[in-house]
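Pasting a structure below so you can have a look.
Which chain is which? They are A, B, C, D and E, in the order written, and residues in each are numbered from 1.
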Amino acid sequence: MSSDWQPRIVGFACRWCTYAGADLAGTSRLEYPATVRLVRVPCSGRVNPSFVLRAFQRGADGVLVAGCHPGDCHYTSGNLFTRRRFSLVKRFLEYLGLEPERLRVEWISAAEGQRFAQVIREMTDDLCRLGPNRKMREEP
Amino acid sequence: MPRIGVVVCWCGHNIAGTVDVTQVTAAAAAMPGVVYAEDYKYVCSEPGQDLIRRAIADKRLDAVVVAACSPSMHEATFRQAAAAAGLNPYRVEIANVREQCSWVHRDREEATVKAVALVQAMVAKARREEPLEALRLPVTRRALVIGGGIAGMQAAMDIADAGYQVLLVEREPNLGGRMAQLSETFPTLDCASCILTPRTAEVARHPRIELLTYSEVREVAGYVGDFRVRIARKPAYVDWDRCIGCMLCQEKCPRKVPSPFERDMGFKKAIGVNFPQAVPNRPVIDREHCTYFEKGKCQVCVRVCPVEAVDFEQRETVREEAVGAIVVATGFDVLAPAEFGEYGYGRYPDVIDSLAFERLNSSSGPTGGVIRRPSDGRVPREVVFIQCVGSRDPDRGRGYCSKICCMYTAKHAMLYRHKVPDGQAYVFYMDVRAGGKGYEEFVQRTVEQAGALYLRGRVARVYPEGDRMLVRGVDTLSGQTVEVAADLVVLATAAVPRGDARELAQLLKVGTDAHGFYNEAHPKLRPVETMTRGIFLAGAVQAPRDISETVAQASGAASKVLALFSQEELVADPLVAVVDETRCAGCFLCRPVCPYQAISTRVAGNREVATVNPGLCQGCGACAVACRSGAMALKGFTDEQILAEVEALCLRTGSPG
Amino acid sequence: MSANPLVPEVATIIDIVEETPDVRTFVLEPDAGPVFAYRPGQCAMVSVFGVGEAMISITSTWSPERPLELSVKRVGRVTAALHEAEPGHKVGVRGPYGNSFPVEEWEGKNLLFVGGGIGLAPLRALINYCLERRQSYSRVDIVYGARSPRDLCFKREIFERWPKVPGVAVHLTVDAADAQWQGAVALVPHFLERLAPSPSGTVAVTCGPPIMIRYTLATLEKLGFADEQIVTTLELKMQCGVGKCGRCNIGPRYVCLDGPVFTRAQLKELPQEY
Amino acid sequence: MSDIQARLREIARRLLTEGHVRVFIGFGPGFEANRPVPFFAADPDAADRLLLDEFCAAGLARYVLEEVREGPVGLVARGCDGLGLERLLADHRVAREQLYVVGVSCRGVVDPDRACAAAGEEVRAARVNGETVTLITPTAERSFPRSACLLDKCLRCQDPTPRIADVLLGEAIPPGERDLAHVDAVERMPSDERYRFWARQFERCLRCLACRQVCPACNCVSCSLDRPEWLERGTGLAEQFMFHFTRAYHVAGRCVACGECERACPAGIPLGLLNDKFMKDLRDLFGVAAPHRPGDVEPLGKFCPDDPEGWHEGGEGT
Amino acid sequence: MRFLPATALPRWLERLRGDGATVWAPVDEDGVVVLRPWEGQPIASRYVNPLNSLKDVLLPRTETILEFEGRPTDLAVREPAPPQSQVVFGTRPCDAAAMELNDRVFLEGTFVDEGFRRRRETTTVLTVACTVAGPHCFCRAVGGSPTAPRGSDLVLHPVENGYLPEAPTSRGEKALRAASDLVEDVEHPDPREAGRTVAMPLAERIALDGLAARLRDHFEHPCWDAISRRCHSCGLCTFVCPTCYCFAVFDSLRVTRGRRQRGWDSCQFKDFLLMAGGHNPRPTRKHRVRQRFLHKLCYFPEAYGEYQCVGCGRCVAGCPVGLHLPAVVDELGEVLG
């Protein structure tokens, strides 16, 4: 591993809360590592668990699934399904051998630019410690 | 392969200061499918937009990716620009290289690599894009208001006054709802019927309000702008068109039965109206209690009716109506306090609920407005009011505050003192909640001027002693056990949803909370809208509220309806779910996850498949994830598109590591 | 060229002709060396890199300097990707595969071509081959139909070139006419029955959608054509084209090796699994 | 069993004679005596070839999907078959009135390979008792522990008796909760070892899709795993993980624990360990019964406002 | 007669591996014996047949045909490096024979399958003969034997404490040379004879005589409906079969880079012949099951003069509903006589 290796994080962000939160981090000029790339989805409930697996397959070192706080879903219940799905899926991926730090599920509101930046910093630190992900990943 | 154009914005120094825009443009030019890549200082400016428009025309572009600020800033701008050049506006994608890149990263190389990846992802998405057409839905400019109480009447009046037709459906034979049962109203103590009666009359004669009383909504189909509603009118056994409202029938009817309107403290006839000022002033026959229906003879009403309006053969009739919007104003019920055995309700006639006390106060009530207790008709000298009966009681399933009880109890104590100057009112309370204009002052007056004795604590038991009721509770302020001997005990029972609120909610595809109150679309920002577009809430159907709030909300709902009706046609986002019927197995796992109940069954060939009502769908995409086979796709965010984005974002080219 | 028969040559699309709303003819030139030699009726495996391969009958007739032409109807993933391609794009091509029409055996005979829709694609190669050797054959009748006038392929040939060749008659029909259509309106088998070509000394070659083939065969039989006089081509899903992948067999025969050209007599020997 | 077999034949014959069903699905003699195979009795006389013994291994529910297309179907159902049928009913893939279910209680099916190995010679018949299994060979009759004789899928069976049966032959055995302890052993491995464990299993996968084809919950008309955007045909480890993750996730909350996938797998991949992991977490996090009995809204099709966030609880090893 | 002690086996294989070859050997993985690239792990000895056959080595589950990179207008295509030489230890005579059947398909005719040929020519098959037959074995019924050398480069006949090697090919002889110092000389009767006495009850029950012709004549026989009815349309039987060779060609693409591969496919899958327009020449289980068995028992014999089955018994052990070749032959025998 070269010393300047940086992890690659794919983030699924609901457009109403987390994506807007990330925008707020931008307008507030909060610096965070350039490790994350967001996929804008209408709701965290749109995130098919297989998307997460696909990200790891194609070389993501970490995946973030983020949406509105429970109770604040633009569609009322999308994130509550997300909560159930990803409670299971995260445990299942760990059961398959994935390190827990590699998948994070977070509720980040449109007002939480600070928190968004913080989550990315934390994840980047965790992933730097773990190094590149090789599990479930296809040969490059 | 679609021909894609990429335009990279400098945003002056905002993007170009951190991201090497030239490099991003060069990288974009080499991406599969990209036939045009250019950068520009300010793409959102008029010359910038013109650049896009010219590129679309000159390069025959099928899609455009703009690498610029957040889509929340200028997605609409660029879509309009594209549309002006003849490109489907939904074939414009934004790579957010400002808020999510140049503004948050410092290292130029890293930021540039990331910007390239973000562009790559959007190019990948754009390649898999279908042109989408905004959904255009026609609007039937006619509203249905369900519920003829104060909320429904207010909403109906506001909509009708603005010039639109209103269909007002009321389950009871007459308008008025709960408010018709009230005596006076807090905090002004003006008489309820004095403010209600003119309003009911106004509604009844409004040229644009069609009144359907004694009717119920049975079926609701369609969606915003085009609801199809089936309404059943129950048989009144009186031809209301012939009837002239002389009420001779009521007068002569030999059958007297306890009146639910009077909380069974008074009587009504088997034919007649609930109360004298009823609008419409037309009688109905209470089939359950009518001697003719019971025994096949009597027919006094038939004989006395001067216009031969009585018709025992009348049947329920059902009509179908088309409306563009629906206001639900079905109000509330009060909890049957029977489940509170410790208070002796139902066992002891002198334990009554607040609604009954309203009737005792009412000059048109069973006692003509004199407060007499039900058991022996004596005027009570000491009255105990118990608040929070069933409310704020999570152990029994109702943790919420019924909100109106504090105020009406204060009102009752005040009215009682007015009518029985030497009487003493005791109020057992948990907290007094008197938020509202003039409310706190009113409670103060009740204590100070009417001399009501407020005791903080829960009542443990009510039991008879002699001809009085002994109320035992704990004063939590003093810690003392308190015992009051009362002539009358009045329970402020919880306001609860109507018994059949859930069934109606299902018809309307509107969500309810754990208790059965209807859910608003957003508790703060969309308090009168429901999750179903075109259906609005007014009054206590949503949560307990007092008259002034109810009226305000009803006007709010009406204004939402008017906003809807003021549009030529409804334009809906085409980013909705769609079913590939060849792949749908018809398992309907998608249905429970849809918050809008937009998914229904369709027969395709020899099997049932899911189908999405695009007027109801709001595009959250939960169904697309619940669908295992991938038959359900969310337009604009298809699996193929998201997977392509993921793949592009994972690509490591020229990046460190 | 690779020793591996599954590895295609890279070719460049030099032209695309829009025949009908869903049929395009792609003109291909291999990047290295001349086009492989092929005979009428043979196929090529064409591929869009990253999407996949599809077996397409060759529409052109071979000469060393002539580019390869493939007429492709948009039906599946690969053909859809091809339809999205533009001149200058690279594709893969390998072949030729399959047997071919036994044109030498037919010398001196009358030729009756019966095509429907995209089925004219393999026939076009054959017709042009025969017309280039016009003197070797006797009377030539071309019966061709499509759903509507705009679905007729190779319009220049059917309307202009072929009718001008002496001794060649082109009979066109459509299932449903439009405002401009002056010609016959009939399904190909019915139209053929009305034309009633004589079976004597004639070879009938028919290509088209399965349902058309089925009724055309019946019509030809009614007109007195023997099974040996009737030739058709089969289309089956193929993956390798070289008789290895085990897919395109009909009974013991592989369409990619033993076909796609079969006489009706040969078909009758095979199980009805095509 | 023979008494029940006789009654089964009688019922099947009657159903076929009276035209109530078009076919009756049960078991018939296989090529080997101790391996009966699914059998489709289409006429009354064929009913007499139905058999029911301790070796009837295959699940029958999945057949219903094809067979009902032609008309009503009768079948014999053990507990696992019954749950499979309930799965198909809950997924609207068949209608109840298309089925006539003859229920039988099942104490477990004998695995002929396992039994022959235990007995040391060919086992021709067996009796499944409470805790032991009596194996009958040409030379002896001996008892062995259940785990030495029965199919894996039967060792953790929780529903011996079908819940839906138009008629139940024999006595009902009350249902229990599924024992999910075997999941713990994998959970306890360190994460790298766990990954190696699964990688080893999945590398063996031939992608023959037997697990999917026999599964009553995998009843889609079109499977996403047949689509290249979700799963490429390559058999690299990444695709194998995608396949097994997706298969397990798609039956999460829907798996009826019939064990057919694991029984069918030629590569010995412990698919039950995957299904049961979801089942365990559904139980631990959301109080869903193991397995969730079809009929109610699927556990993943609903939520509670106060559902826990499963990713916070535990961490490594859970 | 030469004798290779069992204890020398790892050293020998290590030497073969040292020559740069990939060595495959059967290893026990969680109770399943699998042929795996051998890196010194314990070699399984108690198995009838590994899960995967030689097919996994010579016609891999996925094989890259070509790789490409670039844009549609500018694309570079290259072929992968030729495969490394391989040594397969522990295969059984039936599996080795199966490869000779596949030779007929892949190496004969107008086209030669390059991928197969290259692997075939660089693979040394070290077969371990069988001393007992498994309960599902029936090689004898299809012309094989537990000790037959067909398809093998070297047959190792197990005897007490080791093997008696027999080298039908020079490749086998060469492989054995790597063990020349480990091989001893012993007196032993011809081990090939032992194959005749191995009990194989299943083989006795399979009558294949004249079946091909009867099948051909009864293509539309209704028995296929009954036989195929229990089939679940999975690909298990075809994937475990050492002689089934059908493959699919498919592309994958990662934005700008991709590859074309081929991988196993199964005639039992319902989309095997499904065409882009929706037409499916073999739409039902009946069509597909009949295709499988006619291919093995009728078409293949017509083309190559022998059945396309080596009696390894994998389908017998594997099919979850007992729809395997012996059972089908048996059921066909009953109806076709």
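Observations on the structure shown:
Here is the rule we go by: contacts are C-beta pairs under 8 Å (C-beta built on N, C-alpha and C of every residue); 3 or more make two chains touch, one makes a residue touch a chain.
Model, not experiment: these values are computed from the prediction.
The chains in contact with chain C and with chain E alike are B. Steps from chain A to chain B, minimised over paths through touching chains, total 1. When chain centres are defined as mean Cα coordinates, B lies farthest from chain C.
A separation of 46 Å divides the Cα centre of chain B from that of chain D.
Averaging C-alpha coordinates per chain places the centre of chain C 50 Å away from that of chain D. Distance between chain B and chain C, defined via averaged C-alpha coordinates, is recorded as 64 Å. Shared interface positions of chain D, i.e. residues touching 2 or more other chains, are given as 230, 236, 300.
Counting partner chains per residue, chain E shows two or more touched chains at residues 72, 248, 250, 252, 254, 265.
Within chain A, residues 49, 54, 58, 77, 81, 85 each touch two or more of the remaining chains. If you check each pair of chains against the touch rule, the ones that pass are A-B, A-D, B-C, B-D, B-E, C-E, D-E.
Those residues of chain B that touch chain D in the complex are listed here as 582-589, 591-593, 608, 626, 628-631, 639-640, 643. Those residues of chain C lying in contact with chain E across their complex are 2-8, 10, 47, 49-54, 75-79, 85-86, 88-90, 92, 210, 235-237, 239-240, 242-247, 249-252, 257, 271, 273-274. On the side of chain D, the complex with chain A involves touching residues 183, 186-187, 191-199, 230, 236-239, 241-242, 245-246, 248-249, 252, 274, 277-278, 281-282, 285-286, 299-300, 303, 305, 307-311, 314-318. Contacts from chain E toward chain D in the complex involve residues 29-32, 34, 51-52, 61-62, 135, 205, 226, 229-230, 232-236, 238-240, 248, 250, 252, 261, 263-266, 269, 271, 285, 314, 316-318, 320-324, 326-327, 330. Taken together, the chain D residues at the contact with chain E in this complex read 30-32, 35-40, 57-58, 62-63, 66, 113, 116, 200-201, 204, 206-210, 212-214, 226, 228, 232-236, 260, 263-264, 266-268, 270.
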